[in-house]
Each structure stands twice: as C-alpha cells, then as structure tokens.
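Each of the next two complexes has chain A plus one more chain, namely chain B in the first and chain C in the second.
Showing the complex of A and B:
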C-alpha cells in the first residue's frame, strides 16, 4: 500500500470482541465448507480469562492476511504469494512442511496434518479467506487442495457469513471500518425503525 | 404465565429486545443457547446503552457480556425477586397506575416482600447485598426493561412459583404490554412453542382446550369424527377427562409396584409400550430409571434420523424398534417460533434412503391400528375434499379449529406468503413493508381473523386490537373475594368501542358488550362463545369494535387455585442449607400428580442431604449441541469442540478433593447413582457447586456402551449422561424435573 491509487481493495478480517460470544459458528462453517480433516483448524475461537468476572472475552482467529506477512518472509521455498487485494495464499505443491511459518506467525494460523510416519508433517494448510490457491480457479484440484473459492464467486468468506452476532467482519478494509464505525457512532442512539432511506424511496 | 395473564408464551419477541433499556436474565444463557437471537441483546446494549443483568449460578458466556452479574445460589430466585420488590416498593419505584388498573392481588405480594429485607436476601441467595441494591435500582429506573428466562428458572420443584414471580416483578414495574418490556421466555428448541400449542402435552387438547366433555365434543365435531367413537377408545368414559403421564415421569408408569417406587393411578395397569418420536429421552432426568423402565416395557419404538440412545442404554433384547425418520429438510409445513410467530418450511430434498417423514410414519401407524380415516377426516372438511393435501390442509384444519390462542389467521396460504417475502419485514418490530404492509412477520398469535395483522407484543393497550393490541385475558372469572377482576376504567386498547374492562365474549353478551346489533342470520350462525365460534362472527365483530374476543381483564398476582396463592420461597428438595429447609420447607407430598404420587417434604426431610452431598449440581447446555446431543455428536466438527463429557469445577473445590485438572472424577447423587467424568478447572463456578453439560450419552456409571450401537451408527463422541445424577424432584404443578437445583458429592477416581 504505497500510494492511494490502488485498483484493488485491501481485504481484512476484524473480530468485534464486544460481540463475539464463542459460538464457534465460524470455525464449524469453515471446516464444513472446506471439508477439512478434523485435526486442521483453519479458524479457531478462543476465550481469554474464561470464567473470570469482568475479564473474560472471546475472539475468532485465523490467518489475518498480514501486510508484510512474516510467513512469507521466512519461507525457505517461497511458497507464499500475496494477491493484489492483500490475501495471503500459498502453493501446496511447493511447500515442504518445514513449519518455519508456524514459528513466524503471531496468530498460530498455519496448520499441519500430523499423521505421517515418524511424526513428519504434511504440507501446510491455512485460511485462504475462501480464495482458493494458485491452481485454476474453481478447478477440481483447487477445491481438493485449498477448499472452496468463494471470493471468485463473489461470495463473502463462509466464517463471516455464518457469524451469529456479526462479530466477525471481512471485506475490503474500508467497508469493514465503515461497518465498525457505524456501530460506534450509533452507540446509544436507539434502534432504527426502518432501514435507512426506506421512507424516501417507498413512503412510510 | 398462563395463570397470571392468560397465555403461557413469550410476550414480546427477540427482535423487540432491541427496544429495551435494561435487560435482566434469570436462569438463561442465550449467548450459548440462542446465539443468533443474542445479537438483539448485543444491539440493545450497543445502540440503547441497555445494561445487561445476569442472575445465574454460573458465570456463563452471557454473563461475560453482562454489566451486572449476580452469582445466585440455585433455587433462590424467589427470595432474590422479593428482595428486589421490597426495595422497589419501599422507594416507590413501582408503577402505581398500572398496578391499580391492570393487576389483581398485588397487596399480598407487597406484604410478603416486607419479609425479605436485604440482609436476609443476601444470606439466602448468596449474593452481595450491595449488588442486589445496584441491580434493583438500575432495573427499576430504566424502563422499559425486559425480563428473560429459560430452564434455569423453570426446572425446580417450585418452578411454577418462579414463573409467576417473574411476571409479578414485571407487573410491579409496569413493564408489560410495551415494546422493549415483557416476559420473554426463550424456548430451547426449534418449534417448542408449536409443539405445546398443538398439545404435545397430557393435560389438554390442542390449543390448550381442557379435557372436559364440552371440549371433546367440540373437537369431535371439528375433526369430523363421532364423539361416541372417541369415547369408546377409552377404557371407561371418565378417563377421557383425566390428565396423562408426563415425559418426566412416564417411567414411574412402568416401574410402579417395585419396592421404593412411587404409586401410580393408571386404571390398575402399568405402562407396557413406549413410542418415541424425535425426543432424546436420555436428556430427561433420572437416566437410570429411564433405563430400568425401558428394560421392563413390552415394546419400545424410536423414530429418529439418528439412533436414539434410549435404544442404547436399555438391556432389552427383543421388541426394540428403530425407525428412520426424515429430518426437517425432508418435509414441509409450519413451525412456531419462540415469539408465537409461524414460519413455513419448504421441503429441500425427499426423505433419503428408507427414511420417512414423521407424518407418514404416523399415517402408516394409524392405518395398521385401524383409525386412518378418522385421523385424516378433519383435513378434508374445510373444502369438502375427497383427498387431503399435506401439509396445507393440516395447517388449514388447525386454523379452522384453534380459537383459544387465535390461530384463525394462520392459513397455509398466508404463512407461505410470509416465508416467500421475509425480506419485506423489519427485524426489530416485525412490521411488514410494501405488499406485506399491515402484517407482522409470521403473524404472531393471537391472529384473530384471516386478515388480522398478528400480535407482536401481547397485552399492549397502546395499539388497536386490529393492529395486535389487547388487554390481559379474562380467564379467571369476573370477581374474586368481592374484587372486580376486569381491567380498570380507561385501560382498554386504543380505538375500542368499550374504553374499560370487559368480559370474554360469548353469544349472550356480544350485543351488550360490543354495543352492536346482530342480524338474524348472524344470530343463527354464531357459536356459543369465542373459543368455539367456528363461524368466526365473534372475532370479526370484535375486530370491528376494536375489542379482544377474550375480554380485557386484570392480570393476577394471586392464583387462588395453587398450593401457594402468591409465590413463596421453598428450598429445593435437596438443599445445601439444612437450616433454611426448616424455615422454608417444600410442599406436602402430592397424590396422583399426573397419575404419579410425588414426594416433596418426605424426600426433603428423609435425611440431612447436605451432610453427605454438600455440593450443588448445576446442569446446562453447550453451544455446539442441543438436547440429548445425538445428531451433534454424530457430526465430527461439532464433536471435536467438546469430544468428552466433562465437569466444570473450581480449582479450590477440586484441590480439597485432590482432583487435578483433566483427571477423571466421580460425581455421586443422593439417589445412589454416579458418573465418571473428566474434571475441567473453571472459575465460572464458585467453589460450592459444579457444572455438567446435558448432551452426552453412551456411557453409564463408568461403563462404555459403545458395543451396543448398531454397526456404523456410533457417534464420534460418547460420554456419561448428566441426568444419571440429576436428583429426584418435580414441580408441584407441571412435573418438570428439578435438574437445576440438586446436590452431589464428588471424589477422585
């Protein structure tokens, strides 16, 4: 993001801690949609200070698709690539399962199947923001390796679509910040009795 | 609820909670059990600055979002609410006008409230006195406030008093019949409200019509069957008018006669057969009794999409049948949501493999039992058809017959239209836009006529009856102890011909009360009263007059037909406070309570329970599961979240018993049963109680039953059933089990 003249949106996740209730709708939807092996958790919900009054909060975490992603920096085989819209993806055909990225990642996003002989790890798997991988878009191989490519179909990533309280927001940075800004600004202002602009368009 | 103001149902809606200025939650955990509905609570907090108050024995996920949290001792909700009322009355924060016009018997409540000074409430409930004052002050001064509850309030031996106490608190503050107020009971499962409305109950006919001969005759006529034939189905005619067994005590019907079992009154015979449709009976209290009863049946049938674990826990070898039922996606028809609104469902796929939809299983059964024609006759009446069409004709049959809760407007055509246009309704008010103008989403009942809007907020006199307004129902007579039970002057819904209280409408009083004249033709067609008026003339005339067919009366704080006329505190049957049991003993034992003699005081005083079982046992749900958990544990991703049965235990308590985090532990019940579960250190419970989730089965008292599942049907997760150790104890009115206020002892394995 070196200048303001980018053609692409910058995609980001945002989890509103005031709203997240640890229902795990996001993580289960993710696992179902991408038909993940049970030991892979692309998305996790964590509760901090569980049971401690006044201190407990929950939030949903997955790959945050960082700017200057540390995983990409440390990968010895350069399997990561960052799309113009900021989504961080990787090439499973290149990945050697060394798990350097896991050590570099501040969010514990990279996942490794652990069923190889002598505990060897398979290739890494992580949240793709429902954007697939380097294979041909919506091809069988992309689906097998990376799961659904909902972004290519113009759909919201399944985790946020399923979020029961709309705590988990995803989209281009500006839209996410607009949604959150509206929540902050409308704080204490009562409920809307009709969708904005309805009466202008259709009468009361 | 029904005994307070006429209907036992959520008075407002989930969306309406966004209008609240304060939210108080007793014994409910919507963040876990209603995660999607909980967004409305969070929005009220965001947009309205509404404070969330949670009163619960356990620091739940809901409590984590609360502004005030009171960790109450199980079974002491009544003292807590009397404590609140005492502060409210002393400070004059109650709504005097509302009480005067619309409530009967509040004086008795005021008297009893005086017995609950704050120090005493703090001692009994275990909640800090200052916190109770803070909560009360905030809740009383921020109206409208909504009061939420669920099983945490109802599942007690005095649960029916609890559910009267909460309405009394709301009535005292004038929080009833307003947007953002109300008593909002959260139904725990899909279509619970519909199942109750349609009478999955043993003490009424559908629509809460009683069991009197008159009701039976009305139904015989409406169903198109001969009354004498119906009567002939019973062993002797008087059994038509008697309540049946309840889900919580059916096992007594099998086991009665064995040593130590309660006696039954079932015409000299025990129950021999059990037919279960979609009910996880391993999630009902006293699992060992359920097992023993299943073992002793002649025949047991389970219809479920997944293997019902009732079939797993029993040792019965023959005559246990598992019928594959379709899921909700494999059938269509209407269901009723927690806020009394209907929603039409469309079939997504045909029933897969050899499974059948529930109704087809019932039809086939009726054919073989020889009453298929009678069972389906009612569906053909409306249009005098040769063949019925499922489910439309069934829906229309319901609309034709059920007047009590106002289902007249729920025709299949209208309900489908709502489903097809659900984007045309506002999420908060439910109000329709565009072509749905003038209707509320799902036509929340009462929906008096085929053009009525539905009633989103019960007992709201600030709307006209045509737009869902109404007073309280005139259900308990016209006067009691010389006091008028009709609503006070000027407290009728707006645009009413009659501005004051008025009685329920019948053939004889309609002209006088509505101030109208009927034509001779109308006089010849009108039914005896509004509940049986299939001509619907009464409802139509009432709409024109702006009046509710069921009258406009006072709510009652005092129920003179109950053991306790006003709610009184009674300690749970198994209480950790032996000293308080003497002051607040339970009820006298009750004979023939839904056919079963039920123990109260004799169980409570049988021994000093607290001495041997000093720890409170709290049960509840997990967000990834529901009910007995059969379908959820069969999903690998859901099972992964909680792969094992566990017990939340405070580290201090665990330390006293030498139980380490993650170690197996025993939980023993006063009934002599036990379960072996994994300990999970948690600060969400205080050191005097433990919490266990209700969704597991497949392990019984330490023994795995995995080998008993038919090949390929074992779920990914099995575990001890919490109900193996929930205590004996049943509500004095409804027989709901006391699973939220029991005792236990724990031990290292």
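Showing the complex of A and C:
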C-alpha cells in the first residue's frame, strides 16, 4: 500500500472560469506526465458558449475527489479508497471495468480505454491528483498503472503546476477557499457561496 | 348425461384468470416502483423520453438559452440534470446487491409452494422407450441450445458484476464482465430467431406448407402461463439486448461525454430493470418445463421425444397433423 505522507487536511481542486484561457496546458501536461494512452483524458478543458461575446468561458475539469464519492458507492468490487487527505484513488487490479462509476460520477471523470477484444472496455482510469495508487510508492508498477506520484515527492499536481494563468488551483481546502474568496471580492462580481462544482463534490 | 360432451361455459374471469393475475401484479409493481420506490424525477424521465423520440439524447429537456450561467456550464461540461436519474442508478445498484438475494429466495419459496400444492412432479410413464417421433429439427435444436447456454452464461456473468462484492474483482471477474458484453451481443441474433420460432400463436391466422413450417417454428401451443413467459421473454429480452448493445457500443470520449451520459444512465437503468424482471419469467419457464413436469432433456439434443411422453404431458405437440401420421 502507498505510504505517502499526508501534508494536507483536505485536498481540493478549483478552476477559475474567469482566468482559464483554454490553452489545454493542464490536460497536455497531465497526459505527458502520466504517459496516458491517447483515448484517456484524465483532465479536459471545455469552452462554453464558444464565439458568443461576453458569454464565453472555459473550465478545466477532472475528478473532483468528492467527499462522499458516488463512484465509491456504486463500485461493485469496492476498488475505491479515500485517503486521509480526501484524495479518491482506486485499485486497478481489482477494477472489473463495469463503468458503474462513470454513470454515478457528476463530473465525467472515469475513463475507459477500449482496449479489449471486440471493443470491450478495459479497467477504469481517472485523475489521481498525482498521488499514484495502492502499489508501493514510486514503484515501477505504480508508475505504469497510475502515473507519477508527485504528492509523495511534495510536489503540486502537474496540471495546476503548469497552469499559466493560475486558473487551476489545488491544495488544502482552506487555502484554496481563501484564494477563491479574494478573487471573487476583487472581481467585484459579488459573492458566490463556493467555487463551481464544490456543492456537488463536497456538499453545501 | 352419459355420451354427450358437455359444452364448457367458462366465464371471462376463469378463461383469462392467469392473464388477469399477472396483469394486476404488474400494475401493482409498476405503481409501487414509479410512484413509491423510485427517487428518479419521473416528470423529467417522461420529458426525456419525448426528447429521445425526437432524436435528442443529451438529457436537456428545456432550451439551452433558458438555462442560467451555472446550468449552462454544467450541461456543457457534465451533461444536464444529474440529480434526475443518477441517484436512482446509484440506489438501484445498491438495492440490487442487497435485495436480489431476498427476491430470489421469495421466488424459490413461491415455486416450492406451487410444487407442494400441485402435489409434486408430473411424470410420464414410458413403457415404449423406442417409440419416438422427431419433434425438433436440427435448426430448432441449435437455436434452443444456443439460447439456453447463452442465457445461463449471461446470468452467471451478470451476477458476477452485480455481486462483485462477493467475487472481490480481479482478473477472473474482469474476464467475466468483458465476456458478458460480447456474449450479450452474440445473444441478439439468437434472441431474435428464438422470438420468431417460438411464436406459436401464428396458427390462428396463417399456416404455410407444413414441412418447412415445422422445421422453423416450434410445435404445439401455449398454455396461458407459458404464453406469458414467451411474451415476457420477447419484451424484456428486447429491452436487454437493446440496452446491452447500446452500453457496449456507445463509448463516448471525454469530448462527447456530456452529450451522452444522461442517455447512458437511462439505458443502464433499463438494463437493470429488464434483467430483474426477465429473471422471474425465466425461472418460471424452467419451473414449468423441467421442475413441475419432468422434462425430457435428451429431446433437446436428439430432437426426438417418446410418443407416450407427448401423449401424457404435451398432447398439444402430438396434435400436429404430420406427427399423428
């Protein structure tokens, strides 16, 4: 099992749609860092209302590492586990690729490579918040199955590290919330209760 | 009076008793499920069905422009109305793991009770073992065997997914899940052919040349409960092959996820429902052909059944003209 040190109380993602410029730096960095197959997009960037002046905005999304993760609730083989710092991970050796987690996920995070015979899907892959998996930390197997384990090395997940406009933030919930509050107040758009997606992922 | 065959004067209720009971139980089940048990937004599901009929499978049932900034973001990124169907899928999944063993146990008790009330098993007394007639053609035997083998495999592998908490996942469970998909796709033509050849009510409205007819369509006629089992096989089999095919075929990538996920949730729900209901009728079919009556299993392999067996247990088959010759 992973022996990562837990440095954070509760890890969360936050993407600021006012700052995201849809450069795709986060998703490309993620794919490169974890050497993902071409059909897997652990992180994606979507632009809403493309071409409509004043209404266009972009957002980078991946697994939100929910508090009461619905994927964990529906997994028939209980392959998910939640770390003390809130990062939701799964065991690919147990996963049977049934894709129930995909149906339950509000954020479309689980990904399934169609690598089996006759187009059957393989085991699930998703954002690990660069925290690896249940294998021995930084082992060859962990790297092969789950990608880099940057958290164990004390580094920020690669997507947030690469974000040029600092739209994508990750870290302890309190720190991220403080940044969010400062940004909302300084933008003069009034106060929102929480960043987008937080209500679904972490409750009200 | 002796020598005069009395004309049976059956009332409507006694004539259609089985259909009325099954229909009533189904109405009760539907009412319980859609108005009491489900946590899905039924109003939304109805609207969604209308949209699907018009070719819109995105799950968006109102104009995009009428959504708020927040809702537009949600619909574009993750698909709309997460709370309408997804919680029901989660609930249905959890309940399947906990309730299905209870449902199957209740069904077992039901069949055991029927068995006791019927005073055990009906068996044919066969004294002339060699006196057999060809009932099933080679084509029919292949279809019947394929249908039996495939359905058993789909049951086992389907259970291995649903009761993954018992298998614990891993290599074998993963193999069973992936072959469940492929064998399920293979069941589509078998289900379709079986549906056609087991349609025994055709005799009421047409009858082409006997020789070809009997090589394709199964002989005999249905008793009411067997007729219900057949139509349940057709209806819920259709739901299963359609939903199963869509689940296997529709693998959207990250870019198209939002447009398809609500439809996939709905389809998975249909698959759950279809598999639970067809189970009951499959068990009933097994009960009526092999448990309550001692079936003649070699007949499915050789296609030949003893005349005495048919006389005593399946006179409807023996009534076929060419068999009486």
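In the analysis below, the second predicted complex is superposed on the first by the 175 of 204 C-alpha atoms of A that agree within 3 Å, B and C clash if a C-alpha of one lies under 4 Å from a C-alpha of the other, contacts with A are read in each partner's own complex, and residues count from 1 in each chain.
One rule holds for everything that comes next: contacts are C-beta pairs under 8 Å (C-beta built on N, C-alpha and C of every residue); 3 or more make two chains touch, one makes a residue touch a chain.
Quantities reported herein were computed from a predicted structural model and do not represent experimental measurements.
Undergrad: On the A-aligned overlay, A:70 touches which partner chain: chain B = first, chain C = second, or both, or neither?
TA: second
Undergrad: According to the stated criteria, A:32 is in contact with first (chain B), second (chain C), both, or neither; which is it?
TA: It touches chain B, and chain C stays clear.
Undergrad: Which of the two partners, first being chain B and second being chain C, lies in contact with A:185: first, second, both, or neither?
TA: A:185: touches no partner chain.
Undergrad: Thinking of the overlay built on chain A, is A:78 touched by chain B (first), by chain C (second), by both, or by neither?
TA: After superposing on A, A:78 lies in contact with chain C but is clear of chain B.
Undergrad: Go through the superposed model and pick first if A:166 touches only chain B, second if only chain C, both, or neither.
TA: A:166 sits against chain B, while chain C stays out of touch.
Undergrad: Go through the superposed model and pick first if A:201 touches only chain B, second if only chain C, both, or neither.
TA: neither
Undergrad: A:103 in the overlay: touching chain B, chain C, both, or neither? Say first, second, both or neither.
TA: Once the two structures are laid over each other on A, A:103 reaches chain C alone.
Undergrad: Between chain B (first) and chain C (second), which does A:22 come into contact with in this model arrangement: first, second, both, or neither?
TA: Touch partner of A:22: chain B, not chain C.
Undergrad: Looking at A:95 after the superposition, I want to know if it touches chain B, chain C, both of them or none. Which is it: first, second, both, neither?
TA: In the superposed model, A:95 contacts chain C only, not chain B.
Undergrad: Residues on chain A in contact with chain B in one complex and with chain C in the other?
TA: 57
Undergrad: Using the touch definition from the top, list the residues of chain C that touch chain A in their complex.
TA: 70, 72-73, 76-79, 82, 86, 89-90, 93-94, 97, 161-165, 167-170, 173-174, 176-178, 181-182, 185, 248-249, 251, 253-255, 257-258, 261, 264-265, 268
Undergrad: Inside the complex, what are the residues of chain B that reach chain A?
TA: 18-19, 31-32, 35-36, 38-39, 42-49, 59, 61-65, 69, 426, 428-429, 433-434, 623-624, 636-638, 640-641, 648, 682-685
Undergrad: Considering the complex alone, what residue numbers of chain A touch chain B?
TA: Residue list for chain A touching chain B: 18-19, 21-25, 27-28, 31-32, 38, 47, 50-53, 56-58, 164-166, 183, 186-195, 198, 202.
Undergrad: Under the stated contact criterion, what part of chain A meets chain C in this complex?
TA: For chain A paired with chain C, touching residues are 17, 39, 41, 44, 46, 48-49, 57, 59, 61, 70, 73-79, 91, 93-98, 100, 102-104, 106-108, 111-112, 114, 116-121, 123, 196, 200.
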